[in-house]
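When the chains are written out, they are named A, B, C and D in that same order, and each has its own residue count from 1.
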Amino acid sequence: MKVAVIGTTGYGGGELIRILHNHPIFRIHSIHSTREEMPITEEFPHLENIFEDSLKKVDSEKIAEDADLVFLATPSGVSGKLAQQFYGKDIQIVDLSGDLRIKSAEEYQKWYKHDCVNEETLADAVYGLSEWNRENIINARLLANPGCYPTAALLGLGPVVAAGLIEPTGIIIDGKSGVSGAGKSLSKTTAFAEMNDNFRIYKVNQHQHIPEIEQQLKLWDGHITPVTFSTHLIPITRGIMTTAYVQLKKELTTAEVIELYQETYLNHPFVRVRKENQYPSVKEVCGSNFCDIGLNVDQRTGRLTIVSVIDNLMKGAAGQAVQNANLMNGIDEKAGLNFIPIYP
Amino acid sequence: MKVAVIGTTGYGGGELIRILHNHPIFRIHSIHSTREEMPITEEFPHLENIFEDSLKKVDSEKIAEDADLVFLATPSGVSGKLAQQFYGKDIQIVDLSGDLRIKSAEEYQKWYKHDCVNEETLADAVYGLSEWNRENIINARLLANPGCYPTAALLGLGPVVAAGLIEPTGIIIDGKSGVSGAGKSLSKTTAFAEMNDNFRIYKVNQHQHIPEIEQQLKLWDGHITPVTFSTHLIPITRGIMTTAYVQLKKELTTAEVIELYQETYLNHPFVRVRKENQYPSVKEVCGSNFCDIGLNVDQRTGRLTIVSVIDNLMKGAAGQAVQNANLMNGIDEKAGLNFIPIYP
Amino acid sequence: MKVAVIGTTGYGGGELIRILHNHPIFRIHSIHSTREEMPITEEFPHLENIFEDSLKKVDSEKIAEDADLVFLATPSGVSGKLAQQFYGKDIQIVDLSGDLRIKSAEEYQKWYKHDCVNEETLADAVYGLSEWNRENIINARLLANPGCYPTAALLGLGPVVAAGLIEPTGIIIDGKSGVSGAGKSLSKTTAFAEMNDNFRIYKVNQHQHIPEIEQQLKLWDGHITPVTFSTHLIPITRGIMTTAYVQLKKELTTAEVIELYQETYLNHPFVRVRKENQYPSVKEVCGSNFCDIGLNVDQRTGRLTIVSVIDNLMKGAAGQAVQNANLMNGIDEKAGLNFIPIYP
Amino acid sequence: MKVAVIGTTGYGGGELIRILHNHPIFRIHSIHSTREEMPITEEFPHLENIFEDSLKKVDSEKIAEDADLVFLATPSGVSGKLAQQFYGKDIQIVDLSGDLRIKSAEEYQKWYKHDCVNEETLADAVYGLSEWNRENIINARLLANPGCYPTAALLGLGPVVAAGLIEPTGIIIDGKSGVSGAGKSLSKTTAFAEMNDNFRIYKVNQHQHIPEIEQQLKLWDGHITPVTFSTHLIPITRGIMTTAYVQLKKELTTAEVIELYQETYLNHPFVRVRKENQYPSVKEVCGSNFCDIGLNVDQRTGRLTIVSVIDNLMKGAAGQAVQNANLMNGIDEKAGLNFIPIYP
């Protein structure tokens, strides 16, 4: 199968190359960027002798003719426009941006501060939380790949929310992300001398991943009320941890909760539920497509603490995108994703 | 005034030297450790040509005779025993450990897993949250210096809890600390290759700072129920951020909350309340005794997010200890503490 | 082919698992450690759901019977003893320690401070610098895998030394390594709070890799005199850079030197020679088996600066060990080693 | 004494504020930047409640009237022009850029790639290597503060070069710097996700500090030939280490060399020479004005290894600038510089 990648010079694009170059079924047919004609190795010298294709301009007609699937690793705003160009053509579309995730145009505009794609395109986009929306993903032509924070938070919250075990109000999600999540644009905030040996909170109560999280939570439990979701920047390159706090409706032991999670994710190879008293650190998944989950019920408060970690560029972006592309094409969802976390 | 320092070779002890060496009133009379007779520069080569005293053994009789004040920078378990030895002698005691903070012996034993100091000593110990317990601190002979996390969390929560503005149930405090907070003992968890580019949660719902936080919150509002307090390790050396989530009883704007905080801390030079839409990062206080606070009310949820940052070795340990020693002796509380945060 | 790994719980052992688990020909038959019977996931939780074998005790008779090849990822001192136990049995041996590298027993004892393996074993050990000793490696039964620093330094120096283009005296090699190179033993030097935001020099003029580097240089040019080799610790987890300074015998341009290197390494897929004015950073090889080399001739001094970078756990240890095992068995040297550097 | 600071929003400017705000003699009279009228706290929130002056535009007439001394913390190119404006006016000038350091206009243009200041101004500028040019500094009106790398390298090389103990050819200096040395301009190279867990070499044989180092070495020993000087970027915020390699003319022990250094720097409080077998790490000076030096003679090669560390923003910039300003005004050179290294 021939795939095209648009937005190849960003971190998500680079990670797609790392995965797709060794993929057993997909073959990179062309890579695209606004910086056309430059060999990709000028931006990514680590690819020398491995993958040295040159970037091409984005010609959606030609791409749709030549390739079977296109990954959009472009920023919000750009992705939506591209998705509309490709929509209706004979090509599968996997979009890594937030442009196709929010079903309400109003909500999208409120949080993203610009216009949404057209209704028709939006209606056909399938939300690609691989472990929870598989039935729709396998028939999707247009896939909205989840955000990095939502992936970690939702995989962590899914089992108890879907089972109706927690109070629908007062969910708190405290998120922490490595700096690659901010992308490759230069900013003072993400300059080394500013971020090294530092830790900061950002976009307090304003992160655009909030409506994405709430939309999915409400699909599981219609009573869910607005959540509090905070985002912090960790001085690490890759990795996200979300620590979620929820109130249990009835008394449950940690062991019982862990059992529920293990059952829920039994046939999902990329989610690993930790044993009692064990909690994942972000390094234990880095470089891989795993989401690791740790759980603890505090008997003093009746609250459950849910710890989820992912590599934001893998399960939080390019990894889940390929997992979804596998599912869309009837391929083993693990194909091309047998990365063992790089440790230490 | 002559001061002695016990436990000088730890990070808290080293920081006390950094402060006291240039203090206008206190003079380091002697330093002590179990590693007696070694020049302190063997442990701390950064002190060469600056302060080169040798460590002496701990002889409480002699120390009480020679010095006016003793800082105990020793671990929990050791500090309590030393405090009892010094108690009743003609010397002021400032203990940086957790041994004298918890008024309930039962609670202490539950969380610290060993026996408490005797009732009499405990009863006389004054909790040294400088900004909130000043009246007692100025008359204290035996001071229990607050923990690092509790300092950040309580300075952040104090104004709204004491004013009765928040629901007493469901307080969530998500804490993040630099690795120096774990002290100098070697462990796999805090080895560089394990912690670099990593982020981990630890002691989930079991941290010994929980009873300390709850004890003070209940002094402010007797209705407070058990809190959820989580602790994470950031790959930085110094610095703590606590992100606290509380439900407001009535509608308030962020501006109103900020105003309350600014009034509360008006005469407290080490607490800096940030303007609306500004949030402190840990580097903005590192090396100094400041606690910086950022605030945001989420109108969607009616919840207030409170961000506090401190340098765990300064305001979270040695800095606040000297601030308290200043107060105990009628000295300007800023004496010896005019450190400007080292940035970047 | 069935392989056994001894010393599995160290960083080199963990990296061998990461490579071998997906290797097309080698199959991990058994893993061994002094911590027998423990599942490897207790030490390496990142391997959960991937590879969960339990550690077995080291029984050389049984291992030699069951496996075709054994990797010794054990420390110097231990490896030598094990190599002697396996020597002469029907099993290939690849030792990652320094115990079999130095042909002179006297030199070994001088730098390693303990006794050497017996003469017979030592005589048969083949030095596994894959790109330069291929002819001997393909027939080896007992392979001494090179040290991390020597691999970087020698791949960088080889072309000009072997071609007789540099003065044999006055070679300076300034080495810098990530902290994983120090292994997993706990030490104050490698504790996070001591090493973070720090940079230190260690073992000045005393590093045990000095005789290994000189031994190989002398094979290329018998006139080589003792080198100066310095080692520094960088606050990163993986990666080595060596910066070597040599005096050219005659005038050469940077372009000419680069051409020589490109020719030398033409058929060596794991060495990448950079274009003029481009220099590799350590991240550009991390997670992969590449050694990247940058070159510059300073016309003012007639000196050549040679920059080499490797991932110390890959090309500097486990990666090169598997590359050598491939060569020893007539397998494509790239088998199991198609890792793309993980960037960023 | 009233001082003005120009270029206040850079890292050097920020560090000047940190020092000058608590200086016993100098008083900050005004701060200047192209970003006039902005309160400095908008750029440096860590200064809130401490120092909140607003930036003013640069009016050299007015500044020369109002202030006694001006610090130029502006970039190369800008500083030279400002120095010429202030030159001849009744104000002392301390320039932290490279614009006044190189006595040969030709050399300056070759390395800095733009024009030099006029001859007259250049002729009057005094090179401010505090420990070696004191006699001229105390009478200077126009001071060229040394570069960060040259400060570390020259303090390390001075004693043996000035004493004529080393061969004048073949000096190698391998420099490593923290990222704050690159200043505050944004660049891909110094973005967190690119530099974290990374290590890179840059400006190979082309760094503009080369002529500065050679100029001073030749003042000590006219036979010195061009040096090899390399620069690497360490993933730390502050700190420089230079490792210098020189050939001794005659046999000397490490102890003898250390004795020479201790004598040379006997009356220089900011240079600390380490004992045999002890080597400084960069953290041991960070936040302070110290330069620490470690020494080792390799009997195998007759070469001396010289390790120097400084905080690039202190002894490498703002700290030495204030030290020089002290000397220029007959004040104790330590005034305002009693910072103890912040450790850890």
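Criterion: contacts are C-beta pairs under 8 Å (C-beta built on N, C-alpha and C of every residue); 3 or more make two chains touch, one makes a residue touch a chain.
The chain lineup, named per UniProt: A, B, C, D = N-acetyl-gamma-glutamyl-phosphate reductase.
This one's a predicted model, so the numbers in the text were calculated from it and none came from an experiment.
Student: Out of curiosity, which chains are bumping into both chain C and chain D?
Tutor: Output, common partners of chain C and chain D: A, B.
Student: Between B-C and B-D, name the chain pair that shares the greater number of C-beta pairs in contact.
Tutor: B-D
Student: Of all chains present, which has the mean Cα position farthest from that of chain B?
Tutor: Checked the centroid distances; the maximum from chain B is C.
Student: As a quick test, compute the distance in whole Å between the mean CA positions of chain B and chain D.
Tutor: The mean C-alpha positions of chain B and chain D differ by 36 Å.
Student: How many Å are there between the centre of chain B and the centre of chain C, using C-alpha atoms for each centre?
Tutor: Here chain B and chain C have centroids separated by 46 Å.
Student: For chain B, what residues touch not just one other chain but two or more?
Tutor: Touching at least two other chains: 11, 180, 193-194, 196-197, 235-238, 283, 344.
Student: If we count contacts the way the header does, which residues on chain C are in touch with chain B in the complex?
Tutor: Listed in rising order, the residues of chain C that touch chain B are 11, 178-180, 182, 184, 186-188, 190-197, 235-237.
Student: Tell me, which parts of chain B touch chain D in their complex?
Tutor: Contacts found on chain B: 11, 14, 17-18, 21-22, 44-51, 180, 196-197, 237-238, 269, 272, 274, 278, 280, 283-285, 287-288, 290, 292, 338, 340-344.
Student: What does chain A use to touch chain B in their complex?
Tutor: Those in contact with chain B are residues 170, 172, 174, 176, 193-194, 196-202, 204-205, 225-228, 230, 232, 234-239, 241, 243, 245, 247, 279, 281-283, 286, 294, 296, 298, 300-301, 303, 305, 307, 344.
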